[in-house]
Amino acid sequence: MHDYLWLLPLFPLLGSVACGVLHFVALRTGTANPGTSGPARLAGLVGSGAVGAAFVVSIVAFFQLTGIVHALESSAWRWIDAGTLAFDVAMVVDRLSSVMILVVTGVSFLIHVYSLGYMKGDPGFAKFFAFLNLFVFAMLMLVLSSSLLGLFVGWEGVGLCSYLLIGFWYQKGWPAEAGQKAFVMNRIGDACFLVGSFLLVRLFGSLDLSTICGRAVEVNGGHSAELAIAALLLFGGACGKSAQFPLFTWLPDAMAGPTPVSALIHAATMVTAGVYLLARLNPVYAVSPDVLVIVGGVGALTALIGASTAVQQNDIKKVLAYSTVSQLGYMFLGLASGAWAAAIFHLTTHAFFKGLLFLGAGSVIHGMHDEQDMRRMGGLRRHMPKTGITFVAGAAALSGLPLLSGFFSKDEILYRSFAHGGQSFVYFALWSAGIAAAAMTAFYTWRMVALTFGGEERFDPHHVHPHESPATMTGPLLILAVLATFGGILGLPAVLHVPHLLERWMEPVTAASAAFLAQSAGHETGAHGAAEVAIEWALLGLGAGIALVFAHRGFRAYRRGPAPDEALREKRPALASFLAGAWHVDAAYYEKIVQPVKLFAFFVATLVDQVVIDGAVNGAAALARIAGGKGRRLVDGSVKSYALWMGTGAALLALVWIWS
Amino acid sequence: MSLLTPLTLLPLLGAVVLLFLPAANVAAQRLWTLAVTTVVAGLGVGLWLVFDGGIATAQQVVDAPWFTLPYPGGEAVAVRYKLGADGLSLLMVGLTAILMPLVVLSSYGHIKERTKEFLVWLLVMETGMLGVFLALDLVLFYFFWEVSLVPLYFMVGIWGGTNRLYATVKFFLYTLAGSLVMLVAVIALIARAGTTDVPALVAAHGASEPAWIFLAFALAFAIKVPVVPFHTWLADAHTEAPTSGSVILAGILLKMGTYGLLRFGIQMFPATAIDWAPLFMALGALGIVYGAFLSMAQNDLKRLVACSSVSHLGFVVLGMFALTQAGLRGGVLQMVNHGLSTGLLFLLVGMIYERRHSRMIDHFGGLAATMPIFAFFFTLTVLSSVGLPGLNGFVGEYLILLGSFSASPLWTCVGVTGVVLGAVYLLMATRRVLYGPIIHEENRRMADLGAREVGLMLPLFLFVVWIGVQPDAFLGKADATLEALQERIEDVRGARETSRRAIEEALPAAEVAR
Amino acid sequence: MAEILFYLLAAGTLAFGVGVVAARMPLHSVLSLLGAFFCLAGIYLLAGFQFLAATQLLVYAGAIMVLFLFVIMLLNLGDPAELKRHGGIALGGRRLALAGGIAGVLALIGALVVPRPAAPWRPTAVDRGGYDGVREIAEVLFSRYMLPFEAASLLLLATMIAVVALAKRQRPERMAPRERIGWPWEKGVEQ
Amino acid sequence: MTVPTAHLFVLAALLFALGILGFLVRRNVIIVLASIELMLNAANLTFLAASRQWSHATGRLDLDGPIFALFVILVAACEAAVGLALVIALYRIKKTVALDAASDLKG
Amino acid sequence: MMALTDLSRVFAPLSEAGVGLATAPFLALGVGVLLFLVCDIVTALKPLRPLVFFAALAVAFAGELAILAGAAERTEAARTLFLGGTLRVDATTALWGCIFLAGTLLAWVYSIGYYTQNRPFKPEHDALLLTAPAGMMLMVGAGDLIVFFIGLELLSIPLYALAAFRRARADSVEAGVKYFVLGSFSSALFLYGAALLYGATGTVALEGDGGLLAFARQEGFYTPLSLAGISFLAASLFFKVSVFPFHLWVPDVYEGSPTPVTALMATGTKAAAFGMLVRLAPLLPPGAAPSVAWIAIATMAVGNLGALVQPNLKRMLAYSGIAHAGTVLLVVAGARAGATVESATLAALYYMGAYLFSATGAFGVLSLLESDGRRYLELESLRGLARSRPGAAAALSLFMLSLGGIPTTGGFLGKWFVFSVLVVEADMIAIAVLGVLLSVVALAYYLRVIVVMYMQPAPADQPVPRTMRPLTAGVATFLCSGFVLAMGVVPGWFLGLLD
C-alpha cells in the first residue's frame, strides 16, 4: 500500500480550501482591491506551493515506478455502497498515470507561477488560485483513481473548475455564459459517460479499472455489442471533455477565461482527459474495432474542422483554441489506430507546446493591455523579445517542423493510422485528412506568428505601449520552450533505431490490447519489415515537407498584415464565413437545438403546464363553481318550484322503484 | 423507554406552552421554539446513535392501545398508538429533526408579524411530520398524514405572497383529494387484513389485495411527491409560501410522499408494485425531463426551484420503482439529498428576497460582486443540486440511475437527460443571478449574508459534503431495512418465476397429451 | 242502492275537490273543501266506518273548517287587488304542465298499484258489523296506542303554544336582563 | 255496500292527485292549505279502504286503519292551526296571502 | 266488574317490565314542558324556568344513559319493544336520544342572548324547544308507523313555529311558511305512503314478528302497492333529511330561522330522520341501493357545489348540511346493499354525533356574531375575526375542519365509519371514491371561512361585530370544541357506548 499517494490530490485540495478562506479574508480586509491585499498574495504562494508539493510527490512516485513495480496503489476508500456491489476508490499510479501526473503537476506548477504575474492585481486573485488548485485536485483524482467512478469525480470536478475559471471574470457577462456552455456541453458527454458506466457495471459487476481492463478481452465473445456500446458511450463522454465533434464548440468560447486557464485547462490538461480515458481503457477499445473507426473518424474530422477554422481566426486565443481542438483530434486519431502511447506522446508534447503558446499569447495580451485581435498587433518581436522567441519555438513545435517535439508525436500518429490502413481501408481516408490538417496547422500557426510578431506594428503606438512581461511569466515560458523543443526525445521514431521511451514505459498498460490488436491484424507486434521502414521514412519526409512548405506560405502571406483574409472574404465570402464560423456548427446548434429547446421549454411551461395540466385542475374548480351556480339557481326562492322538485322526485322515486 | 414518544409529541407540547407565552415577547417565543426544536433535534441524534443499522425491523417501538374500531361485519380491530423507527424512518426523522431548528432560525428574517402563531404552527407541523414517519399503525399514520396538511395551509395562507390564498387552498385541496382516495383504500385494507398494524400488514405480503388499493395509496403519495402530472400545486405553493414554509415543504413534506410510496406502496404491496413499476418509472423519468423544462422557462427564482423539485423527485420515483437495491438506496438517499439541497436553495432564495423583495431572476444579476458569501453558498448548493460528484446529489443520482438501468435502460436514458437539463436550468439561473454586470442599482446595495444566515446553513452544508463523501455513514443505517425490502421483492419475483416455469413445463406436456 | 250512492258521493268528492283546486276565491275553495268533507263522511259511512264518519264531520267540518273561515274573514281577502295577487295560478307554461304531470303520474301510480279485485265483493259478517266500533277503537287506543295517544296530547299542547307564539298580540316588552358580554377567555364588556 | 275496495283506493288516489295539483299550482296559501287537507283526506280514505279490505280478508277487525285515520284527523287539525297562524303572521308582514310573497330568500 | 277487567286489559302495557325507564326520557320532556308552562304562569316561579328546562333535559338524559347502561348489561334476548310494540328502546335509540338532547341543550344555550325581537315570547320558544326532542325521540323509537308519524309531527310543528319565531321579520316568517308548506306536503306524502303500505301488508307495526321489517324479509313482500308506499314514505323522509331533490327548502329555511333553531333543525331533525332511515333501510326495495347511492352522490354534489359559491355563511352551512345529509344517505344505501344494520347505525350515529357538535358549534358561533339589524352574515363580514375574536375564530375553524372531516376532529372518524360501511360491507368502491372526491369540494368552502378569518385583513371601515355574547354561549362553544376534538382523538370513549 502506498497511502502517500493520497497526498497527491490532497495537497491541491487543501491548497484550494486555504486559498478560498484567504479569499474571504481578503474580502474582509476592506482594501479597495482585495486582490492586492496580504492574504491574497499569500494565497498565490500557498496555491503554487501546494501544486509544487504535488509535483514533488509525482516525481517520487515516478521514480518508484522505474523499478520492477508497474503500479503503486493506495488503500481504498469505500465510497458508494449499492447493496449488491460497492464502489471503492483507491489512488493508483501506474505507467500511464505516472506520465499524466507529471505532466499535470508539472505544467500546473509552471502555470501557477506564471499566474502569479499574470493575475497580479486582479480582485479575485486568491479565488483564482483556489479554483486552480481545485482543478489540479480534480485532475489528479481523474488520473489517479482506480475506479471509473472515482475517475468520474475528477472528470466532473475538472468540468466544474473549467466552468468556474472560464466565468472567472463574471462581471462581463459573456465569460459566465461561456462557462455555462462549457459545463452543459460537458454534461452531455457526462450523461453518455454515466450510461456507459452502467453498461460496464452490468458487464463486469464493477467499475474498477483494472478489472475492466483485465476482463475486457474475455468478454469479447459474448457481450461485444454491449461492450461496444459502452465504449462508444464513454467515447461520447470523452468527446464532451476533449472537445471533439460534435461537442467541440464550447472550447473556443472557453477562451473567455484568463489565459493561464486556457493554457492549463483548455490546452494542456483537462481537455486531454478524454484521451487519457480512452488510453486508460485501451483493452475495451481494442476489442471494439468498429468503435475505433468511429473514434478515428471523429478525431480526423475534428482535426480538419479545427485546423481549417483556425486559419480564419483573428483572435489569437481563438486560433489556439481551434488548434487545440484540431490537435485533440489527432490524439483520438492516434488512439483509433491503436497507438495508445503515440496519443499519450502527442498529449504530452501538446501540453508543452500548446501550454507554451497559450502562455505566450497571454504574455502578448498582457503586454498589449488585453488586446487579443491579431489584426491590431504586429511587430511585437521588437517589444517582447523573450515572449517572441519562446512563442516561435512553440509555433514550430505545433506546426511540426522537423526535429521539434510536435513533429515526432504528430508524425507517429499519422504513420500509425496509415499503417492501420492495412486492416481497415477507412484509415487511409483518416490519414489523408490528418495530412490535410497538418498542412493547415502549419499554415495557421505561422500566420499567427506573422500577424503577431512579424511585420510592422498595426496598433496605435500613442495609446498602446507593449512591454515585456515580468520574470514570473517569462520564466515558465522559457522552461516550456525547452520542453516543447526537445520533448520529442520521449518518442523518437522506430526507424531511427533509438528506443521509443514512452512506448516502452507504457508497455505494461498497453500490452494486452496491443497483443489483441496484433492478433486480429495477423502479425507480430514490433516487427518492422523493410516495407514498413520505407513507408515510415517516406511519411516522415512527407510530414516534414508539408510542414515546411505550408509554414513558409503562411508566414509569407501574412507578414504584411491580414490582407489575404480580406481578399478571401471578398472573393469567396461563403467559404470565408464557413471557415471563420467553424463550419457553422455552433450556429446550427444555436438555431436547431438551443432555440428550439428554449421554445419548447416555454411551450411546456405555458401551454402544457399552465393551460393543459393546470388548466384541468383549475378547470375542475371552475366547473365546480359553475355547477354550484347552476345548483344555486334551483333555489329560486319559490315554494312552488321546491314543491315541484319534490313532487318530481317522489314520482320518479316511485316509478323507478316500482318498475325495477 | 422509547425515544419516539418524546420525539414526536414534544413539539406539540412545546406548541401548547408557546400558546401561553406573552404575546408581546417575540424574542422569548422564538427562543422557546428554537429550544424545543433543538431538543427534538438532539433526540433525533440520540435516536440515530442508539439505532442499530443491522436490524431490518422497527426499533424503539412504543405500543399502546388507542381505541377499538368496531369494524363492521367482522371482529373489532384494535387501533394502537404504535411508533417505531426502521432504517427508512430513521433517515427521514433525522432530516426532519435537523432541519426544523434551522427553519426556526431562518424564520427570524421574514416572519415579522403574528410570529407566535407561526411558531405554533411550525411546532405542530413537526409533530405531524415526525408522526407520519414513525407511525406503525395505519390509522395513526393517516391521522398524522392529514394533520400535517393544516399547519402548512396556515403558514402559506397567512404569511405567504400575494397569490397565497389561491396557492394554499390549491395545495390543501389537491393533496387532500389524494388523501381521501387513500382513505378509501386504508379502510378497505384494514377490513381485509383485520389489523391496522403496519408490520403485520407488511407481513401479510399484500399479494392478495386488489390492485386498486395499491393504486389508491400510490395516487395519494404521487400527488404529495408530486409525480407529474399531479405537480401543479407544488409550484404555486412554493412560490407563495414564506421561506420557512418552502423549506419544510420541499425538505420534509414532499418526502412524506416518497416515504409513503416506499413504505405503503412497495413494501406493503410488492407484487402489485412490481406490476405497476413500469408506469411509475415512466412517470418518474418523464417527471425528470418535464420538471427540467418547466424550470428552464421560469423567471421567478423560487418557482424555478420548485419546478426543479419536480425534476429531482422524478429521480427518486424512478429509483424506487426500479425495485433494485441500488435504485432503492439511491431513492432513499436522494430523498435526504433533495431535502438538503432544495431546502438550502429555498433558504438562499429567501435571503435575497428579504433584501430585495423580489424573486424575479431579471431583477438580479452580478450579485457575486456584492454578495460573495452568498454567491459561494449559492453556487455550492446549485452544484449539490446538479449532482456534482463529491457532494450529496451525485451519490443519490448515480445509485438511482444505476439501479434503474438494470430495470429499464430506456427510462434510465430519459432520466439521464435530466442530468444535462438540470445543469442547464440551474446554471442558467446561477448565471443570471450571480454573474454578469449589475444592471439594477438596488443590487449594488445588497448586504452580504450575516452570521445567523451563514450559521443556519452550515449544518446543512456539513451534511451536503458528508453525504457526498461518505454516504454509507447514512445509508448504512438503512442497510438492513432496504435489504429486507429487496428480499421481499425478490421473493415475489421468484415465486412468479417458479409459477411461470411450472406453466411452461406443463405446456409441452399438455401439447403432447393432445 | 248503496253502490249508486257511493259513486254519486265519489263523484261529488272529486267535483268538490276540483272546486277546492280551481276556485278563484279562497272562500269558495274552502267551502268546496267542506263539501268534499261531507261527501267523504258519507263514503266512510257507506264503507262501514260510522265512528270515523262522525269524527270527520265533527273535527274537519266542525273545527278545522271554522278555523279556515275564521282566518279568511279575519284577513279580509276579498279586496280585488289582493285577490288578483293571490287568486290565480302560480305556475305557467311548462311548470304547469309538469305539475299536471306529477299529479297525473301520482294518480296513475295510486290507481294502478291497487290489486284488482279477483271476485265481486261479498260482504261477510265482519263487513256487516262495521269496521270501527267505538268500543273496539277505544280499547285499542288506550292499550296498544296509549303512547301515540299521549304523544298526541303533547302535540296539541305544542300546537297551542306554537299558535300563541305566532299569532298572539305582542305583549309589552320586558326589560332584557343585563348580561355579561364576552367569551369566557376574553375580557367581558357589560352591555 | 258491495263496491270493491279497489275503487276506494282509486278514489283516494284521484283525490290525492287533485290535492297535489292544487298544492302545486295555487298561489293562495289558504287554498294550498286546503289542498293539503285534501291530500290528508285521501290518505285517510286509503287507510280506511285498506282497513276494510284487511278486515274483510282476515275476518277480524283491523283497527290500525281507523286509528291511524283518527290520528291523521288530529294532526290535520294541528297543522291547520299552525298553518293558519303562519298565514296570519305572513299577512301581517306582507299584507297578502300569496305564497309568492314568501320568496325573498333564495340563491 | 266488566269495566275493571277492561281497565286492567287497557293498562296492561303499563305493567310491562322496564316500561317506566323506557318511557322516562319522553315523559321527562312532556312533564318538563308542563312544569315549564306552570312556572311561566305563576309569577313567583318564573325564575325557575331555566332550571325546569335544564332539569327536564337532565332527567331525560339520565334516562337515556340508564337505558344505555342497562342495554350494555342485558343479553341479546332482552326486551326492546314496549307498550304493545309501539316503542322501541335500546342502546341505539338511547344514543340518538342523547344526540337530540344535546342538540336541544346547545340550541337553548345559544338562544339565551340571541333574541332581540319577540323576547316576550321566549318562554313559548323554550317550551317549543323542549317539545321538539320529544318528537325526535318518539320518531327514532317508533315501533309502528303511527308513533312514527306522531313523532314526526311532534318534532315538526314546534320547529315550524320556531322557524317563524321572529315573526316581525319577513325572513323568519318566510322560513316558517316555507318549512311548513313543504313539511305538510311531506307529511301528506308520508301518510299516503303509510296508507298504501298498510294496504299492502295489513299492518302498521314496524317491529316484531308481524312488523314491516319482518315482513320485508318474506317472499312476495314487494308488490307495486308496497313499493309505491315505500317510495312515498322514503320521499317524505328524504325531505326531512333534505336530500336531492327534496333539499331546496333547506337554504331558505335555515337562513330565515333564528340561528339556534337552525342548529337544532340541522342536527336534530336530520339525526332523527336518519335514525329512522337507517333502521328502515331493510325495508327499501332490494334494488334500491344504487338509486339511493346516486341520490346521495347527487345530494353531496348539489350541497357542496352550492355551498362553494355561497357568500352567505348561514346558507353556506345550510348547503353543507345538505351535503352531509348526502354522506349519511350513503350509509343508508350501504345498509341496503349488504351492510349490517349495526354497522350502518354506528356510522350514522357517529357521523351525526360529530356533525351535531360541529354544526351546532358553527351555527352557535354565527348566532353570537350576528349583530343587530344585520339580516344575515356574509362570509366577508368575518374578515379579521382572528384578530378581533381569536377564540371565536379558532372555534369556528375547528368546526369547519371537523365538518370537512380532517383528523383529530370527530368529523374525520364519522367519515371513516361512513366510508367503511360503503367500502367494506356494501362494496361500493366507485361510489365511495366519488363521495370522497366531493368532500374535497366541501373542504374548499370550509377553508374559505378560515381564509377569511385568518388570512385576510379586516377592512378598515368595517366595525368589529359587537354582539350580545353571554358567558353561557362561550361555555357551550368550548364544550362543542371539546367534544369535536374528543370524538376525534379519543374515539374510544364514544365507541364504548355502542358496545
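Letters A, B, C, D and E mark the chains as written, and numbering starts fresh at 1 in each.
Keep in mind that, in the parts below, a residue touches a chain if its C-beta (ideal position, glycine included) is under 8 Å from a C-beta of that chain, and two chains touch if they have at least 3 such contacts.
Remember, it's a predicted structure, so these values are computed and weren't measured experimentally.
Undergrad: Starting at chain A, what is the smallest number of hops through touching chains needed to reach chain E?
TA: So the least number of steps between the two chains is 1.
Undergrad: If you check the contacts of chain A and chain D, which chains show up for both?
TA: C, E
Undergrad: Could you find the two chains linked by the most C-beta contact pairs?
TA: Per chain pair, the contact count peaks at C-D.
Undergrad: Please list the single chain whose C-alpha centre lies closest to the global protein C-alpha centre.
TA: B
Undergrad: Could you state the distance in Å from the CA-based centre of chain A to that of chain C?
TA: Going by mean C-alpha positions, chain A sits 99 Å from chain C.
Undergrad: Indicate the whole-number Å distance between the mean C-alpha point of chain C and the mean C-alpha point of chain D.
TA: Between these chains, centre-to-centre, one finds 5 Å.
Undergrad: What whole-Å value do you get for the distance between chain D and chain E if each is reduced to the mean of its CA atoms?
TA: 26
Undergrad: So how far apart, in whole Å, are chain A and chain B when each is placed at the average of its C-alpha atoms?
TA: 37
Undergrad: Of all residues in chain A, which are in touch with two or more distinct other chains?
TA: 632, 635, 637-641, 643-644, 647-648, 650, 654, 658
Undergrad: Got the chain E residues that touch at least 2 other chains?
TA: Residues 146, 150, 153, 157, 160-161, 164, 167, 176-178, 181, 185, 192, 196, 199, 224, 227-228, 251-252, 310, 444 of chain E each touch two or more of the other chains.
Undergrad: Can you list the chain C residues in contact with two or more other chains?
TA: Residues 90-91, 99, 102-103, 106, 109-110, 113-115, 145, 148, 152, 155, 159, 162-163, 166 of chain C each touch two or more of the other chains.
Undergrad: Which of the chains touch, listed as pairs?
TA: Listed by label, chains in contact pair as A-B, A-C, A-D, A-E, B-E, C-D, C-E, D-E.
Undergrad: Touching chain A in the complex: which residues of chain E?
TA: Counting only chain E, the residues touching chain A are 177-178, 181-182, 185-186, 189, 224, 227-228, 230-232, 234-235, 238-239, 244-246, 248-249, 251-252, 285, 287-288, 291, 301-302, 304-310, 441, 444.
Undergrad: With touch defined as at the start, can you tell me which chain A residues reach chain C in the complex?
TA: Interface residues on chain A, with respect to chain C: 638, 640-641, 644, 647-648, 650-651, 654-655, 658.
Undergrad: What does chain B use to touch chain A in their complex?
TA: Interface residues on chain B, with respect to chain A: 170, 174, 229, 231-233, 290, 293-294, 296-298, 325-326, 328-330, 366, 368-369, 372-373, 376, 383, 388-390, 394-395, 398-399, 401-403, 405-406, 409, 412-413, 416-417, 419-420, 423-424, 427-428, 431, 434-438, 469-472, 475-476, 479, 482-483, 486.
Undergrad: Which of the residues in chain C end up touching chain E in this complex?
TA: Residue list for chain C touching chain E: 109-110, 112-115, 139, 142-148, 150-152, 154-155, 157-159, 161-166, 168, 170-174, 176, 179-186, 188-189, 191.
Undergrad: Which part of chain E faces chain D closely enough to touch in the complex?
TA: 144-146, 149-150, 153, 157, 160-161, 164, 167-171, 173-178, 180-181, 184-185, 187-188, 191-192, 194-196, 198-199, 202-204, 251-252, 255-256, 310, 312, 315
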